[in-house]
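Both of the next two complexes hold subunit A, though its partner changes from subunit B to subunit C.
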Partner chain A sequence: MQIKEKVREFLSRFLRNYNVADDENLFDNKLVNSLFAMQLIVFIEREFEIALTNDDFQLENFQTINSIATLIELKKGSVLGEINNGGQ
Partner chain B sequence: MGEYKVKSVGILGAGVMGTGVAQKMAQCHYDVVLVDISNEILQKSLLTIKKNLMLNNMMKLSKFNVEETINKILLTTDCEELRDVDVVIENIPEKVDVKLNLYEKVSKICKQECIFMVNTSCIPISRIANALSFSDKVIGVHFLNPVPAQKISEVIKGNSTSEDTVVLTQEFLKSIDIESTVINDSPGFVTNRLSHLFMNEAANLVMEGIAEPEQIDLIFTKGFHHEMGPLHTADLIGIDTVVDSIDILYSYYHDSRYVCSPCLRKMVEKGELGIKSGKGFFIY
Partner chain C sequence: MVVNKIKCVVWDLDNTLWSGTLVEGDNVTINKNVVEVIKKLDERGILHSISSKNEYHDAMNKLIEFNVAEYFLFPQINWEPKSTAISTIAKSINIGIDSIAFVDDSMFEREEVKFYFKEVLCIGVDDISQMLVMDGFMPRFITEDSKNRRLLYKEDMVRKHAEEVFQGAKEIFLATLNMVFIITKAKEEDLRRVEELTIRTHQLNSTGTIYSYDELRNMIHSENYLVLIAQLNDKYGSYGKIGICVIEKNSDSWYIRLLLMSCRVASRGVGAVMINFVINLAIQSNVKLFADFVQSERNRIMYITYKFNGFCEVSSTSGKILFEADIREPKSYMDYVIVCDQLNV
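On to the complex of A and B.
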């Protein structure tokens, strides 16, 4: 399953009967609250096996499905980079 | 007692509650000694606090210097580190014998003036205080979950808790921006005598197929305007902790109202403990 699909599936648990667009602002539209944000963080770290750092905790990284997917791709890329570097 | 100034706080147990209490104290600039029997749990607790602080900053709920706040917390498995703390807040599992053993051990280490706050969800404070030689300094403070976001705690006066201890406790809670209301001792106090009935009966409704968890919580959030439904609350507390609390309530009241739902017990057997395990009534 693609990153966006997984994120969308996660969101659907909170947003029943509402199809959120990839570029729709989750927080501006009051679709979710801060309690959700913590669960989103836990989900991202667990599902994609990445560790978010202080620099990643910027609201713009979590505002839309697009931005969440970009963050995950970037983090997964850096994890792969570290593995590759370690292997050299 | 009015001269007694709290500067450092010892926190026993780094589970869900202990972690929340440690975060709250560090945020409010107290020096914290966080004690647990497991180094792994301590590290997990610190990571959770760090994430919560970063999340708070991101959501603009508050502005904390994450490293500075984290540095207020000393992690240790050694109770001897509690020798200089002014207040101890105990958050270990709801087992009376285990609590009593710990209090006896810690009281020999802590200074004489130290106040002991029992953060139990159901055990009567006098049940613990009366077994100890310093019962006047033992008081119940029921911090509610999630602690850093809460604005009120019920303070439970045991039958030998001194007035000085009550006053100091209320002043201390005020200093961390928590309003307090003093009630008399009773198993489950006000909060859990009521809230656990809701959680237990909501679990029975799920078991009987009357409603899905989402429907039950929806009725509470949209109908009763609760911020969170009973099943999400149970997931947040931890299903195992909820079961322990209901069992304690039953052991004191012997009332069928507090017979634990088989649905809750089954979830514990399956390891579905709520948010902390990734699955409870909902998936996380």
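On to the complex of A and C.
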């Protein structure tokens, strides 16, 4: 499954079948609160096997499905990058 | 060695709370000395639960007959391993597994629990009378909130059930609770509770600083400090005093030295209310707002709460972070909570 679909599925489970658009602002529209933010972060780390650090916790990174997917791709890319570098 | 303070005692039934084995048809009799211990610990604000291998309804009926059912939260009466019961109870009450004690006459059951959770304090029936004088069962002090703790959790069980059967988004459920978040300046009679919260709260705690009663008393009488305390009520009752904010005031800038919210309200979506209230207060007072943060293994949610509510790191050295708030615009609160400013009351 694609990253965005997985994130959307998680969101719709949380929001009980409310369908979120890729560019819909989760926080501005008050769909979610900081408690949810924590659950979202735990979900992202487990599902995509990445570790988010303090620098990643910018609201912009979590505002829409698009920005969440970009963050995940970036983190996954840097994991791969480290593995490749380690092999040299 | 630091002794872990026990927040909940999990009791076995057969040949522990009562004499005899219920499923074998014994005419079981309650052990009065055990009930005495339960009542005394309850008065100290220590919670009780049950892990017993029995038929649920038979055992519950016996507890009602013996007039003790009301003391037990989330009783686990089933045929699952007791380690599973302990884990379920810890999650339901939202406390650490290291703050649980387990009392069972069976060495096998104690060993089984110990195998999975070595941090659980396991006690045999011969040591029950000792519990009242053991250090782990002596809270540092007993406040109004700790005496009512069992009732607060009981109300919470009603809420949890309502939440489970509710169809619709979480925010809509929260709106049905009619939550009121009341913020006051801490008064002398609040300080034991403030001290208690600083010791008991780990997740939604910005710095982990523990202030003594005397330090707190000096602060509430000082011009240079503002100590805020928050209470949360809803249609089921009150959660008690659940949040604290210690602010050091300079002429042109304020520093949040400590911000914490009880884990009891972690699922209520009010973690950011106090932060936003203080931001608005700083805007009204025309001062810059800073906040200390000390990273621990358990308080990441607090870091995220600061960051997602407009705070930026201005410095960071070995786990100690200084945040500065964006105070350009006043903050609004989530629709499902009414914030009640009682600073001048």
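Following the convention adopted for this analysis, the second predicted complex is superposed on the first by the 88 of 88 C-alpha atoms of A that agree within 3 Å, B and C clash if a C-alpha of one lies under 4 Å from a C-alpha of the other, contacts with A are read in each partner's own complex, and residues count from 1 in each chain.
By definition in this document, contacts are C-beta pairs under 8 Å (C-beta built on N, C-alpha and C of every residue); 3 or more make two chains touch, one makes a residue touch a chain.
This structure is a prediction, so every number in the text was calculated from the model and none was measured.
Student: For A:54, using the defined touch cut-off, is the partner it touches subunit B, subunit C, both, or neither? Pick first, second, both or neither.
Tutor: Both: A:54 reaches subunit B and subunit C.
Student: Pick one for A:74: touches subunit B only (first), subunit C only (second), both, or neither.
Tutor: After superposition on chain A, A:74 lies in contact with neither partner.
Student: After lining up the shared chain so the two structures overlap, which partner does A:13 touch, if you call subunit B first and subunit C second: first, second, both or neither?
Tutor: In the superposition, A:13 contacts subunit B only.
Student: One more residue to check, A:43. First (subunit B), second (subunit C), both or neither?
Tutor: first
Student: Going by the contact definition given at the top, which residues of subunit A touch subunit B in one complex and subunit C in the other?
Tutor: 16, 34-35, 37-38, 41, 54, 57-59, 62
Student: Taking the touch rule as given, give the residues of subunit A at its contact with subunit C in the complex, in rising order.
Tutor: 14-16, 18, 27, 30-38, 41, 54, 57-59, 62
Student: Looking at the complex, which residues from subunit B come into contact with subunit A?
Tutor: Touching subunit A: residues 51-52, 54-55, 57-61, 66, 214, 228, 275, 278, 282-284 of subunit B.
Student: Under the touch definition given earlier, write down the residues of subunit C that touch subunit A in their complex.
Tutor: 167-171, 266-269, 271-272, 295, 300-301, 303-305, 307-309, 313, 321, 334-335
Student: What residues of subunit A sit close enough to touch subunit B in their complex?
Tutor: 13, 16, 34-35, 37-39, 41-43, 46, 52, 54, 57-59, 62
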